[in-house]
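Structures are listed in the sections that come next.
Common to both upcoming complexes is chain A, partnered first by chain B, then by chain C.
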Partner chain A sequence: MKNVMSNKTVIALYVLPALLLILVLVYVPIVLTGYYGLMDWDGIGKMKFIGLENYIDLLKDKMFWSSTYHSFQLAIFSTISLLLYLVISLVLASKIKGSDLLRKIYLIPMLLSSVAIAQLWLKIFDPNNGMINSLLEMMGVENAPVWLADPNVVLYAIFIPIIWQYAGFYIIIYYAALKNVPEELVEAARIDGANPVQIAYKIKLPLIAGVFKVTIVLAIVGSLKYFDLIWVMTGGGPNGASEVMASYMYSEAFKSYNFGYGSAIGFALLVICLIMTWFIRKLTAANDNNNQF
Partner chain B sequence: MSEINTTKEMKATLSTPTKPKLSLGKRLGFTILYLILGVVAIFQIYPLVWLFMFSLKSNQEVFGLSPFALPQDPQWANYAKAWTQGNISLYFFNSVWITVVAVVLTVILASFVTFAITRMYWKLNKLVLGLFMVGLMIPIHSTLIPLFDFYNKLNLIDNPISIILSYTAFNLPLTIMILLGFYQTLPREIEEAAVMDGCSIHRIFFQITLPMTAPVISTTVIINMIYNWNEFVFVNTFISSDKWKTLTVGIQNFIGQYLTDWGAIGATLMISIVPILVAFLLLSNRIVEGIAAGSVKG
Partner chain C sequence: MFNKKALTLVFTLVMLSFLALAGCSSSGSDEEANGSNESSDSGESSGEQVTIDFMHLWPEGSSKAQYTIVDDIIKSYEKENPNVKIKTEILANEQYKDKIKVLAASNELPDVGITWAAGYLQPFVEGNMFTPLDDIIESDFKDSFVSGTTEAFALEDTTYGLPLELNITPVYYNKEIFEQNNLEVPQTYDEFLNVVQTLVDKGITPITVGNKDAWTGSMWYMYLADRIGGPSALNSAIDRSGSFEDEALVKAAEEIKKLVDMDAFVKGFNGLSNDEAKGYFMNEQAAMYLMATWELPNYTTSPDVSDEFKEKVGYFKFPTYDGGKGDIDSFVGGPGVGLFVAEDSQVKEEAKKFVSYLVKEWGKHSVTDAGVIPATKVDTSNIDLDQMYIDILEDLNNASNLTLYADVQMSPGVAQVHLDMIQALFGGQVSPEEFAKKQEEALADEE
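Our next item is the complex of A and B:
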């Protein structure tokens, strides 16, 4: 048995193709991006080694810091909205007829491409013919915001389609976790006279804490990487008001052809994502009594 | 998966006797809950209804009438225009075949790896698994410039191979993660018996294991399909000629050219959305399950 199942040639044959792909296309590039960050390079011509100059510039670059700040703002919004999704899931998972159908309806936006979502919401936010301002006008609101064109509003406006896109995803996850809570526990608590809020707070939530932590990581790291929707809706504008780390990296590299500087931003993005992952896990591992994590 | 169903049945039998008649307060409570859930459902679905409506409108209607008005005289011509003038048919075709090739490649390679990790005995399997799992956390943008340079040197820029390979590499971690959960619960006895009978490993993998994992394979196929169909950054970066563009980048270009033609834009978006919606109508249970499996098992 063991002999057949430890045939080295077969193992290599089965593992190497995928391993090579991920090494060459994921791991080698993240090392290279750090290395290219040491170069002055336009992507086509020769690279010129300039040491840490790009990284030092990065630390002094206001645009980099404001894009990082915007990314973290999105991460915070996303984390807070998890609570909303959790409440909806709690309601959905408690004796609600039609919860299957509702869950599926909630999920639909998640299946669409960010490009399609962005284009649709560009129309919804359109100040003249869009859905939102027409609705506000019908309600008698004067001077409705111009949403994506207003630097003070744009980041909040963009967060609405983000909620729209991801709500169903998190609700599905929480719902699945809540359905795995043993019914006997809930029933026992009910017989003891606990009300639904107490049951949710004292029994259900502690039991799905592990899943909740996973979703915090997903929401935060996902927000820090966020790109498609913002790129299509605003391109980081107006005036950098919705620039995030990934969009800043992309414009520097593929619009301004600063491949060296773009690589430095890409490397900073990687480091920030990995640190955040480690940090959240550390933070949430303190009183972790299940190894979901 | 099936556990969810059994708990639900259990719940139904448990809860019916304890719920004789709802008091007024409880009924009011339920009404409010349904109201909240209904509002959320409208928020999730209405933008798409609205999209469908303006995809059938002429520009006079879009700019002259209320955005909530129904299309007076449905302009199906918008769809014809998007399909023919916008190259959408070509982008559509590219999306289909690139998605299919990448999905097949990803699921096969991931199955090989998962089989080797869970069924075969070797020293570095934990390390290799770790490499795949950490891959989940790596942002695409941190690899983009070196990947661009790499494909450029191999003359693979503006070649669909570049996006197929990238899709495969970046979807392997999630696919392996979903497969792993299933492989670990799968009994080994059948495979062990096959080994006793002198069956070769390849035959075991292709004729025993792979068919047994069909349910989870269909889950991973769907998840991969959705991701690849909707992917934007790689195509936008590595592909420059219309010939190889997929729908996401294609519609982005088309819309750039027809900025004020709301009807055509709406029709284009609908065309890109409909295949996913149809797949969802047919396979919604598997999709829901796949998404739940994909993250909860982390």
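Our next item is the complex of A and C:
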């Protein structure tokens, strides 16, 4: 085995398929998207080169900035909800009764496709026959909110299924990390008289800080390019109140037939994601040096 | 140890999936190769084995009647032409529109598919995606289309689609709800407002509309524009002989705003899709529903709807507006969907033959089996039809005008602005003046 793995041609041979796939499926489309962004193109007919016009329009486009704002709202929101997931995993990992069952329950939404989740929550949010409004009416609330149809509420209404959807994923990650914390440390602390909150805060959390950082990056980048659930539930509406960058890109490219402009949005989305990833890594790297873990 | 095992497993899986992928593609080409071998061996007149890819938008779940007709036609076509295989892909309306665009962008349109008329067609024709069908109209359909239907699918005197449906858009209403509240079918807009107000006072939802799909709200707007300003008001704004800031068009927008303020429309309409909104009408939670006649099967022939409900459904023509220029026999409507054949199809001739067959058979079956009005002329004299269907057909024959759906008339970019503005108008986010101004700008920009 050692001999084989030191042979450069063999290494190249093994790396090649994955490299080819990633080139064709990821890097080539990125370059092409940037290139299409320079075109005036409806996606069907002839392309016309217009230089940076699409990108300049983009900077002046109110709708683009409001969709960017919504994406960042989602990012902040999902980062905050990480804390909730963390608390849940701490409880689950502390050997309470039925934690196995609970863990499975939290995981179920992750097994459903986004479209199924969207359909499910569309029914729940239905303004007249939906579960939430029926409950509210039973409790005597008049003029229950119309959720997905109210531009001031829609974005927050959509955040709820998103939290629900990703709970299982992050809880599993945290749970696994917490299970890796050596039992001896926890026991030693307990003997020294630390209470459960202290143990969680002073021992467990520092030990899984690395995992926590990774999940922050995942949550933020995932939110910035989030698309499917929002698209199925509202299509970015009403009137762009729930439009995020990816859904705006989609409706420009495929609904308004501005393929060139849609590509420009896609490219901007990529740049924003890259900047954010770099930024978060910078932040957390600084942390690493200070604290030494 | 475990890691190594896992690694091996992953590698094996990856390799397997490669094999599977390769297997798929090679079997596909094998089939084709076999097909051509067979034909050259037998040398019969049946010709080469061909597969025609066909995409349509009538899923079995939501459009059973249409689905069954198409399915039957395909089966009988395959029987008559054993060398032809039709491969179908079926998506619901909105998904269909999205997918066809993606396929067009990547140059992979199906051989035969569904298209809409006029403005929708334009980018596809300009991109050289659809093949002209004038030759089959000339040879197979001389004078059999209702006049005006194929024209809607023509650009610069070349026809790119064969129309399947012809629709008008009546207001369906629940007779029982009307009777229980002592309401009469409204003839004038004031009577209509009275109906709405009475129902609102009783706590019944007067109108259901799924304005998340804003073309449904657009129909309400179009009717008001027509009744106030006559058929020419909206049409001339779109063809640029007039302006969208026309007085009648702004006034129609004001009337929409009034209806919204009266709570005429179902709660949360901007978040409901057309199918969800339809559910309110079908469940008798709303009294009125404005939709084109492609909904007729649900009120006449569809086996999935109870007869009890079907009997409760009636329809009326959109009422006249006091002092307005439009008359009651003017309809929003026109040809619905049509069939196209892709320009770069490998089996263009076979696809054309199939399209011609499909349209002919559709003309025969759609009336009796689905209760859909085909774009080919209907001879109703010796078939037993539902009364509602006969009435609609008569109204269609007496129509003084058909205004094609605004979002179909406009080119896709402008249509999107129109739909966004309709949603904003209904949602109260723009004033009627802004509503008109934004669309005028979009239309002027495009000139």
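We adopt the following convention: the second predicted complex is superposed on the first by the 273 of 293 C-alpha atoms of A that agree within 3 Å, B and C clash if a C-alpha of one lies under 4 Å from a C-alpha of the other, contacts with A are read in each partner's own complex, and residues count from 1 in each chain.
Just so it is clear, a contact is a pair of C-beta atoms (placed from the backbone, for glycine too) under 8 Å apart; a residue touches a chain by one contact, two chains touch by 3 or more.
Just so we're clear, the structure is a prediction, and the values are computed from it rather than from any experiment.
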item: Simultaneous placement of chain C and chain B on chain A, clash or fit; value: clash
item: Chain B versus chain C as contact partner of A:L224, first or second or both or neither; value: first
item: Chain B versus chain C as contact partner of A:L83, first or second or both or neither; value: neither
item: Chain B versus chain C, judged by how many residues of chain A each one touches; value: B
item: Which superposed partner A:F259 touches (first chain B, second chain C, both, neither); value: both
item: Chain B versus chain C as contact partner of A:L120, first or second or both or neither; value: first
item: First, second, both or neither for A:G43, with chain B first and chain C second; value: both
item: Partner chain in contact with A:V141 - chain B first, chain C second, else both or neither; value: neither
item: Chain B versus chain C as contact partner of A:I56, first or second or both or neither; value: neither
item: Chain B and chain C contact sites that coincide on chain A, given as residue numbers; value: 17, 43, 128-129, 254, 259
item: Chain A partner contacts - residues on chain B that touch it in the complex; value: 3-4, 7-8, 10-11, 14-15, 18, 33-34, 36-37, 40-41, 43-45, 47-48, 50-51, 54, 62-63, 66-68, 109-110, 112-113, 115-117, 119-122, 128, 131-132, 135, 137-150, 165-166, 168-170, 172-173, 176, 192, 195-196, 201-202, 205, 226, 229-233, 237, 247-249, 251-252, 255, 262, 265-266, 269, 272-273, 276-277, 280, 284, 287-288, 291-292, 295-296, 298
item: Residues of chain A that touch chain C when the two form their complex; value: 17, 42-46, 122, 125-129, 146-151, 154, 234-235, 237-240, 251, 254-259
item: Residues of chain C defined as touching chain A within the complex; value: 14, 18, 98, 101-102, 104-105, 123-124, 126-129, 205, 211-212, 266-272, 276, 280, 285, 411-413, 416, 420, 423-424, 427, 429
item: Residues on chain A engaged by chain B in the complex (per definition of touch); value: 1-2, 4-8, 10-11, 13-15, 17-19, 21-30, 32-33, 36, 43, 88, 91-92, 95-96, 102-116, 119-121, 123-124, 128-131, 134, 164, 167-169, 172-173, 175-177, 179-180, 183, 187, 190, 211, 214-215, 218, 221, 224-225, 227-228, 231-232, 245-246, 249-250, 253-254, 259, 262-263, 266-267, 269-270, 273-274, 277, 292-293
